[in-house]
Every structure is written in structure tokens, then in C-alpha cells.
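Chain IDs A, B, C and D follow the sequence of writing; residue 1 opens each chain.
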Amino acid sequence: MKNYNAGAFILAAGILAAGTQMASAAATCDKQNIRFVNSMREISQPYHGDLDKGGRLFLESVGLRDKQYVLQLNQGDSDKQVSLMRAVLASNPGCTVFNVEPNNLPAVQLMVQTANETGAWIVTHWSHPDGFFPYQGNDHWIAHIGVNSLDAGISVSDNLIKAMGGHGGIVALQGILDNKPAQLRFTGLQQELAKNTGVTLLDQQTANWDRSQAFPIVQSWLAKYGDKIKGIWAANDDMALGAVEALRAAGLAGKIPVVGVDGIPEAIQAVKKGEMVATSSSDAYYQGSIGFAMGYCVLTGQVPEPAKWTNEQRNFNLRLITINKDNVDQYLNPPPASAYAGDWACDKIWARDTGPAD
Amino acid sequence: MTEIDRERTDALTRPKLAFFGRDVGAAEIRRHLLAWAPAVALVVLCVGFAIGDPQFASTTNLRALASQAAVPLILATGMTFIILQGSIDLSVEGVMGASSLAFALLIHNSRTGLDLGIVALIGGTLLGACFGAANGILVTRLKIPSFMATLGMWSISGGIAMLISGGQPPQIRDMAMRMWALGDIIGVPHLTMVAVIFVAIGYVLQSYTRFGRYSYVVGGSEEIALLSGVAVNRHKILAFTFGGLAAGLAAALESSRLGLGHTEIGADQMFLTLTAVVIGGTSLSGGRGGVIQSAIGVLILTVLANGMIFVGVTPYLQKAVQGLIVLIAVVAATWHLRHRLRVVK
Amino acid sequence: MSDVAISVAGLSKRYPGIQALDDVSLDVRPYEVVGLIGENGSGKSTLLKIMAGLVKPDDGKILVRDRPVMPGDFLAAARAGVGMVFQEQSLLLNITVAENILLGCEGDAVRFGLYDWKKLNSLARRQLDKLGCDIPSDANTGSLSFAQRQMVELAKVLAIEDRIEGAPIILLDEPTSVLDAEEIDTVLTQVERLRQRASIVFVSHRLDEVLRVSDRIYVMTNGRCVAERDAKHANVAELQRLMLGQQLTDEYRREGESHVRVGQVRLSLRNLSSPSRYEGISFDVRAGEIVGLAGVEGSGREAVCRAVFGADGPGSGEILIDGREIRVSGPAEAVDLGVGYVPSERRVEGLVTSMSVRENMTLAHIDVVGRGPLLDFGRERSMVTKWIDRLRVRTPSVDTLAGQLSGGNQQKVVLAKWLIAERPRLLILDHPLRGLDVGAKAEIFARVRELARDGIGILLIADTLEELIALSDTILVMRDGAITARFDAGAPPPTSLEILEHMI
Amino acid sequence: MRAALPALAPSVVLAALLLGIGVFEPSFLSAYSLRVLMGESSPILLLAVAQTTVIMLGGIDLSVAAVTSLASVLLALILPGFGVWGLALVLLLTTAIGALQGYIHVIAQLPSFVVTLAGMGLWAGIALSIAQTTIPVTRGYSVVGWMQGSLLGIPTSFVFAAGVALLIWLALRQSALGRYVQAIGLGETAALFSGVRVDRVKIATFALSGLLAGATGAALVARTYSGNPSAANSLLLPSIAAVVVGGTAITGGFGGIGRTIIGVLIISVLRVGIAIVGIDPGYEPLAYGLVVICAVALTMDRTRIAVVK
């Protein structure tokens, strides 16, 4: 046994010796060797699928090779999300752009730190720790693009309540209460409920964002509350669709209004069919690509370096689109790259700013 | 090494044999008690919940229960034979993921041009069977303990599922299949019927076929099985294959119910199935139990889960509860086998 | 059809350190019952296992009705119509009687893998009826008594005859050893009935049984077939003499010096009992005394030893060591009380074969080489080396894997394991000479005597009576779980014959 | 019957992997990414060491990951209030959990994989019920925070993990306990007949496994500034893989911490390397599965399991 150990340590030592210093971050890069990394939780859910597609769509649109695109999945393991980022940065960090769906708040902090240390560039989405902003000297944190989940929650809840005619009982499917968005969306619902006393929350359960777990829960609710249920609120579309299927099984699809959040294609089709009332889209394609667009513009010198941007340019909330039967048609088909030309152009990367994120 | 093995088996069997001599009667009684316990527990649970909330006994909820039990019933039936033989299959969740994707991509869907209808169902099921067969071969040919082999296979099949999902979970557009999967006849969901048929098939296999009977033999004593010229390895591979097939079928059905090929479709199913089989009275050491017992186990857990939603308990507790149940059930089932010189790893 | 059902010629089988069978030939005529007798370890079981194809002989051939059968292929043997009833039953307790009887050869009760239970039960019924035994064929085997299961075993073997032309050959390996009187009687009656339909080889320790059922009797000693007798003209005394071969003269006898300096009582058993194993066992072992337990398999002597060592669960009665009553809940405590155990399954129970000699020798008393919580390897080596010299263990080095030593040296390592710490009070030797060649035997023999002289109480189970007599001061004979005779030290040592009479 | 895997094979594999990826991506051999590698591997190392001790017995502990997650949650909850005492308390608790599982394993004589499989569900479920969410750690972080620093350029977490590994390696090699563990792994019956208190040794080993799982939890909290009910779930297979890839036989007795360290490095290189080379992440679990199966197939000692179940 002894000598293996010896082996191990000698090896480790050798490894260290072999180390070389890494290149320091460069302000501008040749577009051909910019590396684009999409870092997200997993990819089995449609929303993440669209994030991934969006990213690839962008590379395609500016004529970059597919091998410049790196997809990183952390399976909900924050430590891994950070390690994966660091691992990639062994080479050419100055020309690496991260577009991050943070696994949780602490991860944001760690990844931004990493960016600062290594000179890599990072754009974060959804939410960041309170009081921690890009413009606090985090020069490589290009921007944080928040989603005002409260608004999302409010607007879908509003749609739901309208569809119910302002009174009756609802049940709510929560996501993993793991991140701020989940909580804010629900707060949105609660605020709406406070305003519309006619509507009562019969029950709520968490279905882990997941369709297959939402199905039996809704089934059981239907059994428990029967026709007391006048509407179903879900913290994301996947669960909403699970609910729709449960309703379909009970022959109630389309008869009981359902709302969700995310605006994934299936949900949009469901809205079209009238099986869902509304969903609020942060536009996954956009979220999966805008970070790349920003990084691309910065690194190719088409916009000044982020340090020179205004605070709001570096920390803003995304325009949300509430999709309901009135506007559903324009979102039915997955957008072609051209549809985003407007958003990706270096002078338009802030086009969807709706005010500073908190 | 056969010499050593011989000595070894002697050394290990001797105390056990001495044990049988005086234990048979007691063992019989215990077995009868254990045999009835699950059924009783099931009734008690139902009554309890029904009292707690009359709605629990409503036809709608019974239908909900029936449809919620469908998939676990199929899985448990498959798992039963593996455990009867004294092996175990931890790969269920991964296999389900892969089969779900395969099925969704073969049937009319949002990604491929294919539209194979029922053939897709068969395809998905067969893929599951293949994974199962692979498990069996690893256990019998490479002689890897089943919990290790299937643990690895879990990861492999899960990985394959992720690869073919590739970020675009295929939506199932075959409306006929969808509606059938969601529909019911006189209040009995189609899937439940399939499940019941599957359990029935399982029962026939267990009671009226060489495969089934020899599963008991293999679980009872592999040495004796070999001495009697039983093709132990073949029947092991068969059991794993059947288990995989069950997982594949379950995945395909669940997918058509949800309308999506989903890597996570089997989330938490392995544990549920295992628990169901064990509390049904099929001992993990093999040789005892059966399909019907496992079915009862499934019903217990389904009622428990459904009831928890009724009572409003956080679903997170369910896994913990299941873990506890498995432990208690297994201890109760094998406590009498304890012996000072028994070597258990 | 020839007049020989099965005949074996020139069978030899060697296990590490022992010649189990040495050029054995015998034949069995159709519808004949052949008795096979011999001491423990004389090779009876090995011979049967070879005939049944369970063990592959190193040499020799097997003919069934003049047709050669591939040695070591139990399926071939079964196809030829050879079936064996094992000492430890080979029934599955979790399936029905019918399934057990027909296991592996359900014939047309199973078509295309489908069971026809009616058919299966009737087939099984047929076998049971041959024995005129009324056990329901669809009963769960686990619910039967041991004797009933013995019947099922017989029926299972009988099932062979439906699959072959001619009469089956049935090998009965001590079918009565674990049964009580009336059970034995039923079994024997069955054997007599069987004669009408099968050729039988019947092995038993109970000579009266053998004489009762057999036509001819073969006698084995030390792996050889030394005599063949016609049962009609044989009698117990003669058979016993034959079994013991030339051993009657105790040339082994220890050179006169009745050394026994009887010390204080080390171990004493008071009315020790354990259901279905032994009943009311009481005796003492004094310091410096070697107490030998004589008895056949199943006489309960092993069980008693294991009980003293805490290896088997507690029965009733008392165990006193140095006068203090003890309740050992496991070997560990027995060891703490100064009891050492040299088990019969040397490679499994005695040694960790893939650990070194050094590690094995210090396994039981590692504390003596410990410095605080750590091990002092230097100390360990020196102690181990010392004992390697004391016991003259022949090993390349202290770090050789124990499994690589010869049987005798392995046994010495096991002994050393108990001696390396402060001397044990009591040493239990369970077949200490098993599988050793003559030289090694003599050596272990000498070592054991030395240990006794050093004042260790020794409880001994030996393979053969000659060994037992040669080694023991006091000899206790056990039969069917009870002590049937006692030959005290000092008194002129008994002959093997005397002992045998009380054994069987 | 020595383990079939040649003594140096794992080290060779490791070197090959490093070079292979190094050729494809030279920067992978930079001090920087090796630091990343070491940081990344420290939790797995701790878990793998825990697993090794149990596997040396011939058993397995499927609950380590779940216990680790539980520990991380508990720490996140308790550190702010109780600081270092909180840490001690949690470690004590996880040790007790391990001991409990060991106790059930020996008293009920259930296969260890059954007990710990049940445990896996139980502890994971409890962790989830305690906290569904990631709990950020700010106050009291310093208690574990030191692991985030670095010592002579090497991440402290790795120094810590390696230190623990070394300690336990010494213990296994130098102490009676280690000798017993090996004896039980290689010949439990003989150990029993030699008066070894097999039960106690097993319980102690499982307790140690629990303790290390707790330590891993602390390491994770240090690395992520938070506790999470599923923090370590993705580490179970890698940790087992590391042990068997190192060449420790799943059948017990052969191998040891030294081999495991190599195994861990191999697995981490795989983990990180896949990310660097830019292979589809889907291949990662696939790789683990294959690695585990192949390694077990190569290293296990078939002469010591009469029938494979």
C-alpha cells in the first residue's frame, strides 16, 4: 500500500511543478477564439433546452464555429457549477464569456469572484445576492439581467383570476423553494389574492418544477376538492402542463383555467388551445443568448468595456411577455435567429431593459 | 479453489442446518403472520384516511388512486422476480428515462419525423428489456454483485437518456395514444387495466411457469438449484430482463400520459418499488414472497402518498418514511435467521 | 441387462494433505443393498460423492450398467440413474413437496415452460406412494418435520427410475444420522422396500442398521476398501475389527509415562444441554489433562465444543472455567477467558488464508504486540519468529501468506495463534490432525503433548480412534447427544473396540 | 488471491488521463487547473476515504452522500448560532448516524447495502424535510471557511482531505483496528473464531464513515457558502467509483486509502476533464457507470463469494 501513496504524492508534486502561468485577460479578442459557455442546472426540462438552443442560435447568427460553444450542467450541485467554470478557465480566460443561470445565490458570488480573479467575463440571470452588484468594482461581471419574478407572478395570477371571473378556489403548485424566483412568483400570487378576496387558496404543494410529480398531486386535489377548484396556479409551465394532463384525464382540460411561468413552446401551444390561460415568458432563447451577445460586443470592442457602462445597463430587469389568448399567435412558432437580430446587435443589447433590478 | 469453497460452504451451512432442525414450526407461524400483515395494514390505512376525510373514499379519489398505482404496479411486478432470486435492481430510474426518450422519439413527436404508433411502445419497452438483459449478463457472466452492476447501469442508462434528450425533450403528438393513456372505461383508467393485466401475467409467470418456479428455487438455494441441473444463470438473466421490460413499459405508459419524453420520468420510482416489494413480504434475501404481495405493497404506498396529500403532509417526508419502512420490514422478515457465526457483508 | 448395476474401479482422490480415496473398486448388483462402513474420514462420503458425479476423481472410472459415465459430471450420473440422498438435506423449504421431488426433471409436467400442477402433483404422488408415505405432495416443504423431509428426499431420488430404463442406483449417505429411534425405523423399512425397485448403497455409522438392510458390506479404512463381506455371515464384532484394521495394537501408545500431573479443574460442564444436539453433558477438564471426545458425526461432540467456545447459542446448563460460571455470548469473550479453539475447517475458521503468517499468528491477541493504540511491528516479528522456531513452522518468511503453507504448518500457525499471548487456560482441538500427512500428524501430536505438560487443559476431538486413544488421557464417548462411556486417565487405556461399542 | 488489478495500474491510468487531456488542452496541466482539480476533488476524496474503510470490510455504505447533504443543511442552520460547537455537534450526529447503521447491520445481520440503502432514503428525506432550499451561510462561515484558503498554493480543502486520508491510512496500517478490518474483509469467519469482536469493528468503521460524511458536509459548506439538501447527491457514484478504480476490491480486504487517493484523482480528472475538453455533459454519468462496472469486474475477488446475488 505504502508505495502507491508515495506514487500519489510524487505525482501530485510533479503536477504542481508542471504548472505554467496563465495568460492575462485581454481587452479584445479575435472572434474566432472567443469561447461561449452556457452554465445551467440541467437540460431535461424544456426551459433549459431553449436556453441551450438560444445560445447556439447566437453563435450561428454571427458565424462562429460550434466548438466555441460549451455547455455546462451542474445537476443542481453549486460546487460543481463553480468548479466547472474554474476548470474551463485554465486556458484563454480573457476571451471566455459565461452566460449563467445560477444554481443558487451563493454560486453567483463565487462565479463572479472567479471571473474577477481569472479575467473571464460573466453575465448572470434571474437573481443575485442582495446588495451585490456588477458596478461595485466587479469589472468582469458584464451585467446581471434580472427577471422580475414578482411581476411574472402577479401578471399570470391576474390572468388566472380574470379567467375565473374573480371568485372561486384555486390550488397552487410550487417549485423547489430553492431560489428567489420561485418565492417571488408565489408572493405575486399572494398579493393578487389579497386584492381579490373572492378567490381563495385551497391548497398548495411543491412538485419540484416537475411535470410527472405535478400530475398525481393535481389528481388527488381534484379528488379532494372536486368542483371547488376553479383554477390552478403553477410556478412554472412544466408543472402547469402536468396539471393540464391531470385535468385532461379527468375530462376537465380547458374547463379549468391553468397558468404557469416560463413561456415554453408547449405552454404557448396550450394557451393557443385554451387549455392554459396564460404564461409569462422571460424568453429562454433570449436569456440563453443575450449574455453571449454582450460578451461578444465587449470582446470585439464594439462597445466600451463594461466598467464604463451605466449602473442600469449592468443591472436591469428583463421585459417579461405575458402570453395569453390575445397575443399567443405571434409566439406560436420557435423564433428564427433573425427574430433576435434586433436584440443581439451591439447597439441594442439593452433593448429589453425595464428598469434596474433590485 | 473449489476445495476451499467446499469447506467454506460446509462451514457456513452447518450452523444454519442445525438451526432449521428446531425452528421450522416457529418459522411457519411467523411466515403466516408476516403474510397477512401487509393486507391488514392496507385496510387500516384506507379506513384511517377515509375517516380523516370522507372525500378520500370518493369515486374520483379511488380513480386517482387507481391511476397513481398503475406505473408502480408494473415496476414492482418486474422487480419482484429479481428480488425473489435474491438479487436487486437499482437501475430502474435510469432505464425508465432512456426508455421514455426512445418511446417518445419513435412515436409521432416534435423532434423526429417518425410516427410508429404502437411499435414505438414496443420499442421503448424492448429497450428497457435490453438494459435488463445487460444487468443480468453483468451479474451472471462477470459475476458482479447485482447491487453494484445495477448501480452502474443506473448511471449509464441515465446518461444515455440525457444524451438522446439533448436539451429538447420530445413532445408526444400522437393524440390517439395520449387520449388512450389518459382515458378510462367505466371509471377504470386504461393504464390501471394494463397494470392489472401485467400483474396477472406476473402471477401466472410466478405460479405456472418454469421461470417463476425456478426463481423461487434460485432464491432458496443456488447450490441446490445447480445440483438439480437448473440453469441458474439463464433464469437470472431472464429475471433482470423481465424487470427491465417492466421498467421500459412503465416509462412508455407514463410518457404517453404526460405527453413528453422525459429523462426524469422515473424520479424516485426505484425506491418506491423496492419499498413496495419489501413491505409486500418479499424478503431481500430471496426465495419468499410474490407478485401479489408486491402489488399489495404498492397499494399501501400509493394510499400513503395520496393520503399524505389529503392530509397535506410535505411530500419530502415520503422518502424518509419509505426508507424507514424498508428497514423495519426487512429486519422483521429476516430477524429469525440471525446466528452468531453468520457472516453477512 | 448385465448383472452389475454400477461398478467403480481404481478410484483415487487426493485433497491437499490427505489421500481421501486410494484405488477403490467396488460394484453393486441390481436390486442389491450394499452397506458401506468405515470410521470418520475413511473416505465413504468421498466415494459416494464420486459415484454421484459430485466430485471428480483424480483417477479411476465409473461404469453404470457397463456403460462408462463421465466422472465429475453429476448431470450425466443422474441421467444414468444414479441419485444420492445427502447427509444435509438438499430440499428447498420454500417450494412444494412435488416441486422438490421433481426439481430439474419435471418431465411432461412442464410443457413449453408451463407448469401442469395436476400432473406435477400426480407424478410426485407416484413417487411418494412407492414409499407408502402420505405426505401431501402440494404441501410447503418448510412445514414438514425433519423425518418427513427425509422421506421426500427418498422420493426425490426414486423419481429417477421413471426417467431411465432399468433400476436406479440410490446412494444413501447416513440417512439416519440425525433421526430419532422410530424415525430411523421408518427410514430403514423404506430402504427395505426400495430394494424391490432399486440398487442401493447404504452408508451408516450404526452397524446394526447396516447389517439389517444390507446384502453385502464393504469396509473402508484410510481411503481404501479393505474388506467385502456377505451380510448374512457378518457380525458386528467382526465388522468393527475390520473397520479398525490393524490399529488394535496400540503401537502409537504413548511411552508408558502416565504423565498426568492432574492440576486444578480448568473447565467443567454441568448438565449442558442444547435442543436436538446434546443432552445433559457433564464433565471436567483439568490442567495438564487431555480429554478426548469420541463419537460419530451428529453425536453432538462438535456442538459441545462450540458451545464452550461460545460459537453456538446458549442452551441450558452451566459452563465453569477455573470454577467460575461463565456465560459467553460469543467467541471473543471465550478468548478473553483464556479459551483457545483450533477449528476443524482450518482454511476458513482457523486462518485468514490471504493474510501473512505473522498477521495470522497475532490475530487473536494483537494487544501483545501493541504499543498504545499502534502496532509494534518489530516486536510482532520477533514474537512471531520465536514461535515459528518453538513450533518448527516451516515457512519461507513471516510474511508468507498463510494459505501457501502446507497443512501441518498451517495447523502450527493456528496453534501459535493461541500460544503467542499468555498461555491459554483451555485449548479446544477440533480435528487438529485432519488432512495432515503422517509426519505432520506426529509433529502436531508432539506439540499438543508439550502444551498439556505446560499445564493447559485440552479438549480434543480426533478424526480416528487411534489418534484419540494415543493422544488422550481421559476419553469420553458420546452417542446421539449423550455421554455413553468414560475411560479415565490412569486406568489402562481402552481399545478402539471398546470405544466403538459405545459409539454405535 | 490478490486483487486482479496490478498495483500500479491506477497510477498509470491517471498519468495517461492527465497526459491525454493535456495534449488536447495543454493548459490543463497548468498549476491553476491542477489547483482547481485538487479543490474539486477534496469532497470526493473525503467521501471515498469513508467508503474505502467500509469496502475494506467487504461491505458498502450507500448512505454517505445523503448523510453529507444532511450535514451540510444542518451546518448551514446551526453555524450562525453555535459556530464551532455547531460543527462539533453535527459531526457528532453524523458519527452517531453511521454507528446506528453499523449497529443495525450487525445486530439484525442485514447486508450493509440494504441498511445503507434504506438510510440513503431516510437521511435524504429528513434533509429535505428540514430545508427544501439552499441555505446561504454568512455568519459563522469562518468556522469552515478556512478550507477555502490555500496552503503553499494548494487548496486548504485538499490539504485537509489529504491529511485526513493520510491519517486514516496510517491508522489502518498501524493500528489493531486496521488489522481487524483487513482480517474481517479477507476472512470474517476466521476472525470470529480468533475472538475478534467483529461487531464492534464493523460499527466503529461505519461510525467513521459517518464522521467523514459529516466532514465532507463541512467541506461542501465551505466551498459553496451554503447548505443544500441535495448538495452531495451527485457525489455517491463518483466516490464509489474512486474506490474501485483505485483497485480496492469490492469484496473487501484488498486495497486501501493509498489506492483510493489515486482513484479520486482519476475520477476528478474525468469530471473536470470532460468539462474542459467540451464533451457533451451527458457522457459524464455514462462514464461513471462504465468505470464502476469495469473496475469492479477487474478487481473483485470471485473466489470469496460462493454465489453472486
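As a working rule, a residue touches a chain if its C-beta (ideal position, glycine included) is under 8 Å from a C-beta of that chain, and two chains touch if they have at least 3 such contacts.
All values reported here derive from a predicted model rather than from experimental measurement.
Asks: Please give the intersection of the contact partners of chain A with those of chain C.
Replies: B, D
Asks: Comparing centres built from CA atoms, which chain ends up most distant from chain B?
Replies: C
Asks: Could you see whether C-D or B-C has the larger number of C-beta contact pairs?
Replies: B-C
Asks: Whole-Å distance, chain B centre to chain C centre, using C-alpha means?
Replies: 43
Asks: What is the distance in Å between the mean C-alpha positions of chain A and chain D?
Replies: Distance between chain centres, rounded to whole Å: 33 Å.
Asks: Using mean CA coordinates as chain centres, what's the gap between chain B and chain D in Å?
Replies: 29
Asks: For chain B, jot down the residues that touch at least 2 other chains.
Replies: Each of 4, 8, 11, 162, 165-166, 314, 339-341 in chain B touches at least two other chains.
Asks: Any chance you could list the residues of chain C touching two or more other chains?
Replies: In chain C, residues 311, 330-331, 345, 348-349, 353 touch at least two other chains, as defined above.
Asks: If you look at chain D, which of its residues touch at least two other chains?
Replies: 1, 132, 189, 192, 280-281
Asks: Which chains touch, pair by pair?
Replies: A-B, A-D, B-C, B-D, C-D
Asks: Give the list of chain A residues in touch with chain B in this complex.
Replies: 43-46, 48-49, 52-53, 71, 203, 205-206, 210-213, 215-217, 219-226, 241-242, 245, 248-250, 266
Asks: Name, in rising order, each residue of chain C that touches chain B in their complex.
Replies: Residue positions touching the partner: 15-16, 54, 74-75, 78, 88-95, 99, 103-106, 110, 113-115, 117, 142-146, 178, 275-277, 303, 310-313, 330-331, 345, 347-349, 353.
Asks: Sort out for me which residues of chain B touch chain D in the complex.
Replies: Spelled out, the residues of chain B in touch with chain D are 1, 4-5, 8-9, 11-12, 85-88, 90, 138-140, 142-149, 151-160, 162-163, 165-166, 222-223, 271, 274-275, 284, 286, 314, 316-324, 326-327, 330-331, 334-335, 337-345.
Asks: Can you list the chain B residues touching chain A in their complex?
Replies: Residues of chain B touching chain A: 53, 55-56, 58, 60-61, 63-64, 67-68, 162, 165-169, 171, 182-184, 189, 254, 257-260, 262-265, 267, 305-306, 309-310, 312, 314-315.
Asks: Of all residues in chain A, which touch chain D in the complex?
Replies: These residues of chain A touch chain D: 1-5, 7-8, 11-12, 15-16, 18-22, 43, 67, 70-73, 75-80, 82-84, 86-92, 103-107, 109-110, 129, 176-179, 206.
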